[in-house]
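Below, each structure is written out as structure tokens.
In the two complexes below, chain A is the common chain; its partner is chain B in one and chain C in the other.
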Partner chain A sequence: MSEIFALLIFPSGLFLLGLGMAYEWVDRKLLARFQNRIGPRWFQPLADNIKLLAKEEVVPDGVNRLLFIGLPVVALAGALTAALYVPAFGLPPAYSFPGDLIVTIYLLSLMTLCIGLAGANTISRFSLIGATRTLTQLFSYEAPFMLTMLGPAIVARTWQIGAINEFAGAGNWLLLTQPIGFIVALIGLMGKLEMPPFDAPEAETEIVAGALTEYSGRGLALFHLGKGVELVVGVTLIGAFYLGGIANPLEFLIKTGALMLFIVGVQALMARMRIEQTVGLWWRYGSLLVLAQLLLLLIWETIV
Partner chain B sequence: MTQPVEKKGDRFIIPIGPQHPALKEPGHFEFTVDGEMVTDATVRLGYVHRGIEKGVESRNYVQNLYMLERICGICSHTHAMVYAMGVEKLAGVEAPPRAQAIRLIVAELERIHSHMLWLGVAAHEAGFDTLFMYSWRDRETVMDLLEALSGNRVNYSANLLGGVKFDITPDQVKDILEGMAFLEERNRHYLEVVMNDMLLLGRIRGVGTMSKADAERLGAIGPTGRASGVARDVRLDAPYGAYRTFKPVLMLAETGDLEGRFNVRLREIMDSIRLIREAVTALPEGELTTRMPRRIKEGETVSRVEAPRGEAFYFIRSNGSEMPDRIKVRTPTIFNMATVLTLARGHQLADMPMILVGIDPCFSCNDRMVSLKRQGEEAAGGDAVAGPVMTWNEFRKAVMR
Partner chain C sequence: MATSLLDSITAGLKTWARVNSPWAIHFNSGSCNGCDIEILATLTPRYDLERFGIKLQGSPRHADVLICTGPVTRQAHDRLLRIYEQMPEPKFVVAVGSCALSGGVFEGLYNVIGGIDQVLPVDAYVPGCPPRPEAIIDGVAKLLASLSNPGPKLSTPASGAPAESAPAAEVAEEVV
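Let's look at the complex of A and B:
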């Protein structure tokens, strides 16, 4: 019974959806304030999602119906499952086993994969271009992001998120020893979530809404909810790994809040990058820097 | 509605418009892409054709002032001014110096407002929404000034045939000078941002480069042409009204890319600020209007004004009655449109909105003429079909289904 409660209500399930929407609001509100706008009211993401869920879902011609309806569900499920293994809201992970870090990283990629497939599934031209860009972007940031998660795992000598969190909580601020990893992880998260300046896959002035152009109603709401959850999981992971661990709700709020401030600041300050600029940035600078840091770490670990 | 992939041979066509988030007005562009590369581009205009040229033929000269001012929402003053200048020339009347200076002040305020609007739109197309929001916030200053002067934010209705409607009081001069000081500071900052922001430069430097020869060949005018080094500005080439006294400085860039267009427009804002300062402090004394005859004597004339986007050209023919016989309007966008199609080839799809917006298009301005072809008949050289293709009634039936 308590397991079902944990899965559906708290700390996963409904609670996490709410948390995702709250972080989406923080993102939108802060960005608006940085841009000298007023920004949405606190319940706006909730209102948006309720409205979308209540609306008709139009299934366009020429798509595989099963995929079209199933992909948003899989994407949201992936993000929610990933949340089970991270110390969301400062509570110990609901489930944990040695090696859950790898599973979480893969579950986080599921969302992007689903968006790419959803775009490729429809015959809309904007969706197809969007899907190509989404998947191109996936291939560029995924490797560096994974490497940044590897760094803390190597120094903590475990593949278990909970254990790495505890290791970081014991006074090991990896931000200081692995600054490159921290920056690349944050920027990688922004790439994952297709936030500006990495929003070429959904650049509205070019390809309308990218891969999700044909989505309306329920499907769109589920993708949005999934992105909110993934944002929470992402900042939680980075906060736990690099900012000295997350042991209680207060620490969670402060650390993820600080990360959000950074993320929104980057969004406000930059113009959108073209897709080939994004790929160039990741492979020329991101990956190489993280690889160099990883090599140093490995050498250090073998010597000490 | 779904838009199935159009198969024309092996071509993959991305449509932009008539309804698209990149466009603030309807126009239809088809970009043939190979991956992300654009290999071909076509344009279809005419979605906002309103029949104004026909409409003015059944209204008198005073009514037409209001009609023509509504051709464009951004450069409304330009259209009223160029029309008033043409009619005054036909009637052999000249507006008093004070009226001409006020026309200049409103025209330059309008240029500032148009260029700042463009800056915001261009930044938005580049995904730089912060610059968009900031430049539009600061643009409110000039909008407020125009409202204080004329009572309107969009169609200022400053012109009368033979003068202007309102005076500029010393209090308003003070407000204008204050506003100019603020705008000068802000625009200097934006110029710095545009010229130094690495990510924005990555999107505009070397993108949409048009050589001077190309610009001349395609007939690029206004800031688009000046960014490619085409030294053409009606205010200097054929000075009119108060521009004979207050001389603008020609702003040129040699690069011809989007960076050059940002550069030229932002420096033009600075120059407009200087012009306004000079004009409001040296405002000639005198009347605001002169008497205009109701009937304009027979004849035809041409009048030209440098609109924010380039040369606005009016041909007016009078048959001696209260109503004009024919008014032909030519706006700058239609010339620059050809440059978009030429520049598009070889660029990436991501650059298309930027290149399109780089010319500062105004669709409702240029959607004026329709050329009709009989079905199954290819007109030689576009519109060289002999005789009327349709009668007026047939045309009405065809377009007003």
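Let's look at the complex of A and C:
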């Protein structure tokens, strides 16, 4: 009974969907304030999602019906499952086993993979270009993002998110010892969520809406909800690893809030990058810098 | 009894969500671009439509409100219908500008069918040449208000199923 409660209502399920929408609102509101606008009302993501869920779902010609309807569900399920292993809202992870960090990283990239497949599934050319760009971006940020999650794991000598969180909570602010990893992780998260300046895969002014061009109604709502959940999981992971651990709800709100300020600041500051600039940024600078830092860490760990 | 209560609650929730989150798509069916520039001005931070939940979408599949400017030319007629039919239900049409209302100065031209309501069922009319951004916001707000307390539908589309059933030439004669 308690497992069903944990899966469907708290801490995963409904609670996390609500939290995801709240963070989406924080993102949009802060961006609006940075742009000298008033911004959306607090219930805006909720209204958007209810409206989309109540809308007609058009299944276009030439698609695999099963994939078209199934992919949004898989994407949302992946994000929600990933949330079970992180200390969301400052509570200890609902489930935990040695090595759950690897599983969480894979579950987080499931979403992008689903968006890519969803775009490739339709015959619309905008969807296809969007899917190509989504997958290109996946291959560029995934390696540096994984490496940044590797750094804290090596220092804490465990693959368990809860244990790394406790290690960071014992006065180890990895932001100070691994600053490069922190920055690359944040930028990698922005790439994962296709936020500006890395929104080339869904650039409105060029390719309509990217891979999700043909989605209407329910599918679009599920992808939106999944992105909100992934945002929460991502900032929780980075906050727990680099900002001295997340032990209670207050710490969660403060640390993820600070991360949101940084993320939205970058969004407001920069214009969209072309896809080859994005790839270049991550492979030429992101990966190399993180690899150098990782090498130093390994040497340090073997000496000490 | 219980089901009817549930129905009314879900219907109320749906209407609330629709009123508070109208995503728009903009189509120019032959306008002189005056109205389009005013629509773009409406979307700038100065008027900040995001406070009403209005977002400009690129894809017709994501949109609820089709904002049309200009008279319907024979060239744009098929494209307009195609965009309209790509939108998922429920969908609404707002005609912006004098030409979109009646054909304006282009009325009676050999290549112009007439106002938007000759081809699509229009839910809100915004007059002006071009209408100010405030007028466009007011038009959309009136459309949203009519969603929460529906009255008689104002517009009379050319036919229930637009497009081929009403040949363009006949429509044009009706206008004249």
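We take it that the second predicted complex is superposed on the first by the 304 of 304 C-alpha atoms of A that agree within 3 Å, B and C clash if a C-alpha of one lies under 4 Å from a C-alpha of the other, contacts with A are read in each partner's own complex, and residues count from 1 in each chain.
To be clear about the criterion, a contact is a pair of C-beta atoms (placed from the backbone, for glycine too) under 8 Å apart; a residue touches a chain by one contact, two chains touch by 3 or more.
The model shown is predicted, which means the values in this text are computed figures rather than measured ones.
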item	value
Touched partner set for A:50, first chain B, second chain C, both or neither	second
Partner chain in contact with A:251 - chain B first, chain C second, else both or neither	neither
Partner chain in contact with A:194 - chain B first, chain C second, else both or neither	neither
Partner chain in contact with A:208 - chain B first, chain C second, else both or neither	both
First (chain B), second (chain C), both or neither touched by A:220	second
Partner chain(s) touched by A:39 [first = chain B, second = chain C, both, neither]	second
First, second, both or neither for A:24, with chain B first and chain C second	neither
Touched partner set for A:142, first chain B, second chain C, both or neither	neither
Common ground on chain A, meaning residues reached by chain C in one complex and by chain B in the other	35-37, 126, 204-205, 208, 214
Contacting residues of chain B [partner chain A, same complex]	2-6, 12-15, 20-22, 33, 35-36, 123-131, 133-134, 137, 197, 199-200, 202-203, 348-353
Residue ranges of chain A touching chain C (in the complex, touch as defined)	28, 32, 35-41, 43-44, 46-48, 50-51, 54-58, 126, 204-205, 208-209, 212-217, 220
Touching residues (chain side chain A, partner chain B) in the complex	34-37, 60-62, 122-126, 128-129, 132, 196-197, 199-200, 203-208, 214, 268-277
Complex contact set, residues of chain C against chain A	13-14, 16-18, 20-21, 23, 45, 48, 50-51, 53, 56-59, 61-62, 64, 86, 88-90
